[in-house]
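Here come two complexes built around chain A, the first alongside chain B, the second alongside chain C.
So, the complex of A and B:
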């Protein structure tokens, strides 16, 4: 029902292999850190893709839920709770907060939902900067401990102090997220999300409870955002209100739009490509933003499905041309 | 089977439907006709929960379904199509049908995430049922195409298929042949007859008099939101009130 062509599968395998051996050929710690961050942003953006790209509800509070996850892990691990408990707990808190926020806001439609969620994001950012007892105010929380070593029977334990270990931690969670999203999106459950995006009155009239469908999608998306935020706190070792800010949301949004809305690889491509482009354009200083502004406009107009959508379009054209050539030569030989 | 009981719908000042009562009998094809603006589509919207009646009640097999949300009405076995062909046009033909079958399955979040036995069984049933429906519609070979690749008539047939895939008791069709040429209209008429033969009760809104006269068992005529006539086609055709209101004094339309 939902199968992919063989060369696409091969491409994914190559990328996976490249990711697994990355610590071997990227020795520069600075670049390594950027790659690890990209993994986290890819997780968060994949979650955002579920609610915005697949379900069509423009949530602009994604950064806030990322922040809830980050602060959750920071506060809990500082209080002595192990990371392995703090991470799922923080993601669940983010999901539950999503449920509470979604119950009223998902009753609004279109731009109103975007506005109400943006408001929640800004409120949370202000709270993070001012609730000094809990969040440390604008200074944030420092010295978040690294996760404890993972015990492995007959081997001893895998320590998680090195940068490479952090990289694999993030990579593992990204693969897990993509696997879960793959199952959810390519199914009748996923189709019901797309149905809400595509034609809400029709979805309603064919028995899809559109409100609950949106709510479930929003809660899953925020669980994923919380998960990414929790990993961020542990890998960076510190959180500040900017981790929960609306600028975070807009970063994710840019990754999503440029990478490819409503495609599964899109958020990953965006989360890797944009920071890399940013690095290359370092010499331009703040003028980089002008470049990104122009790029965003061009992509939205000509490639509504971003880089990934553009590539797919190109692939379709190549295949079509090849088929045309084959049929033409077939006619000629007759 | 489905009973509409003194239903009234007011839109501040304007009375769209006034004290309307009628019944859809199991196994029949009932047509609702009337001039533009007579309130036909409003009646469908009131039955299927898109609109809430100002007064009156709607029953399905003695169960009060007045004012339930549309998705609840759908799971009571009442399916509908819309006047302007309404499809999930970003998705493939088969996907359109599987979405409409979802409420019959238990394909929620957990089953989908963990690929449980229920998931495998239900997903397979949904696919099979969707393919059966496509065979019935004569669209089987188009199953993996996207909606814009379909002709106008194929889209209309698919819209009926979306309503049919979950095997409803009653199918409400809002102008199923609007904008189609006569041959296409005949094919849709044939499809509606086959739907009835399968045991589904049909209620349809139509403008094409000739088609209705040949197809319907009974006709309800509306004008300005009120029922002005009801009965078999032959009786309705000669009813002076109908001729006056609907045909503008001419019977040969």
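So, the complex of A and C:
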């Protein structure tokens, strides 16, 4: 039903190969760290895309759920629980928190939903900065242990101490997330998500339970955010309240909008391109946010589909023109 | 008892600021249906411009205040024209995202021009009174009475002048207002100018008391949103009353329960009330 042309498939294969061999040709540990972080942000932004782009509900608590995942892994691994248990547990806690928050707040619509979720995010940020016994207050938690080695039969163990191992860990989870989202979006349930986005009363009248649909989408999105947060805690090795702050949400939003809302590659493109551009614009210092703030406004006014959406639009136009030419020449020969 | 009265005094002072800022926001949100999430950042820029005119140019406090109001009025008009008007007939959420873009822009602007460290305006009215055990400075009294004056002036403008009544006409029925020959775009620009100008007044009143910092607009803007939603979109009495109530809740909650968590009360109240009544206490059915 949704088969892609062969050159698109090839492009994806090339990108995958480039990602797999990336540790070979990016020797600089600093740049490597940025790329690894981009993988995490891509996971989190893909989750945000599910609720904002696909379902059309502007949740601005995404950073807060990212923070729940990060603090969950930090607190649990510090208490001696293995990372491989702490990560799914933290993601589940984030999903459960999403259920508790979603039940009341999803009754609101549009800007009301955005502002309610943002308020929840700010509350969580304040709590993270002040509940010193649990979160370490404004200093946060340091010295989060790296995950234990993975035992493999007949081979021994795969140690996870190196930077490259962290990179592959994040890459693996990104591919898993994208695969899960792909299956979800191109399913019947995915269609009902888009129906809710496009016209909620209409979706309601054709028998979609809009509230449950939105709630499930919100919970899954927050599960993904928690997962990304948990990985963040173990890769950085420290968390502070800024990991749960609203600036984190705004960053994800920039990645999402500039990359392309409601497309699966969009969030990944945004999460990779923007931090890299930020790095190149290092010489601009604080002027960078001036630039990105203005860029966000311009893009939302003139290119609301973002980079990937704009590219698709261009592609469609090219295809349409080619077909018109073919049909015109067909007429001429007759 | 003295502690209680002191907290009430501080609460009324904070409430005055909240009332003015929420008043500006309710005008653009309820009347023009624009979720101007950058309103708190307009407030922040207003404070910095007063600072600029006082310390860098060397003008007197009141003169700097007036110039700041004028500058913010212009900024408001520009924002309406170049950020929100192109998004008029797009989904509501796009305007919200554009607002986030402009608030990032304004915060970065303040950071670039004035730096991240806190700045302070020399207090023009440092006199201090003691009445019945309550310490009050002249500047704090000025905030309270200035707010009352501003609210009265705005009320008279809305009810007694033709320009004010056109704003109300657009709020009641946009198409109807167009049919009677009201230039809706001009009314939008005017409303934005008033909204940004009042934010500048609030900021200029408060900056001699508190530090200026680029991040001070974010939390205040969210609080103004809370007040507007709770008080009813576009309801001016709701914004004023809500502002004073929030100021008192925060001062008393901060004084008696926990100072670190005082911001949680406001945001918690919003989450709670919207969960029970999704369109706000006095909310109309949204379209």
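The definition used in the following text is that the second predicted complex is superposed on the first by the 323 of 334 C-alpha atoms of A that agree within 3 Å, B and C clash if a C-alpha of one lies under 4 Å from a C-alpha of the other, contacts with A are read in each partner's own complex, and residues count from 1 in each chain.
The rule we apply is simple: contacts are C-beta pairs under 8 Å (C-beta built on N, C-alpha and C of every residue); 3 or more make two chains touch, one makes a residue touch a chain.
Just so it is clear, the structure is predicted and the values come from calculations on it, not from any experiment.
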item: Partner chain(s) touched by A:183 [first = chain B, second = chain C, both, neither]; value: first
item: Chain B versus chain C, judged by how many residues of chain A each one touches; value: C
item: Which of chain B and chain C A:114 touches, first, second, both or neither; value: second
item: First, second, both or neither for A:191, with chain B first and chain C second; value: first
item: Touched partner set for A:14, first chain B, second chain C, both or neither; value: neither
item: Partner chain B, residues of chain A touching it in the complex; value: 1, 180, 183-184, 187-192, 194-195, 197-199, 201-210, 216, 220
item: Residue numbers on chain A that touch chain C, as the complex places them; value: 56, 58, 104-105, 107-112, 114-116, 118-120, 122-123, 126-127, 130, 246, 250, 253-254, 257, 286-290, 292-297, 300-302, 304
item: Of all residues in chain B, those that touch chain A in their complex; value: 48, 50, 69-71, 73-75, 79-80, 82, 86-91, 94-95, 98-105, 107-109, 112-113, 115, 119, 122-123, 126-127, 162-163, 166
item: Complex contacts: residues of chain C adjacent to chain A; value: 35, 83, 86-87, 90, 92-94, 96-98, 100-109, 111-112, 218-219, 222, 225-226, 229, 260-261, 263-264, 267-268, 270-271, 274-276, 278-280, 286
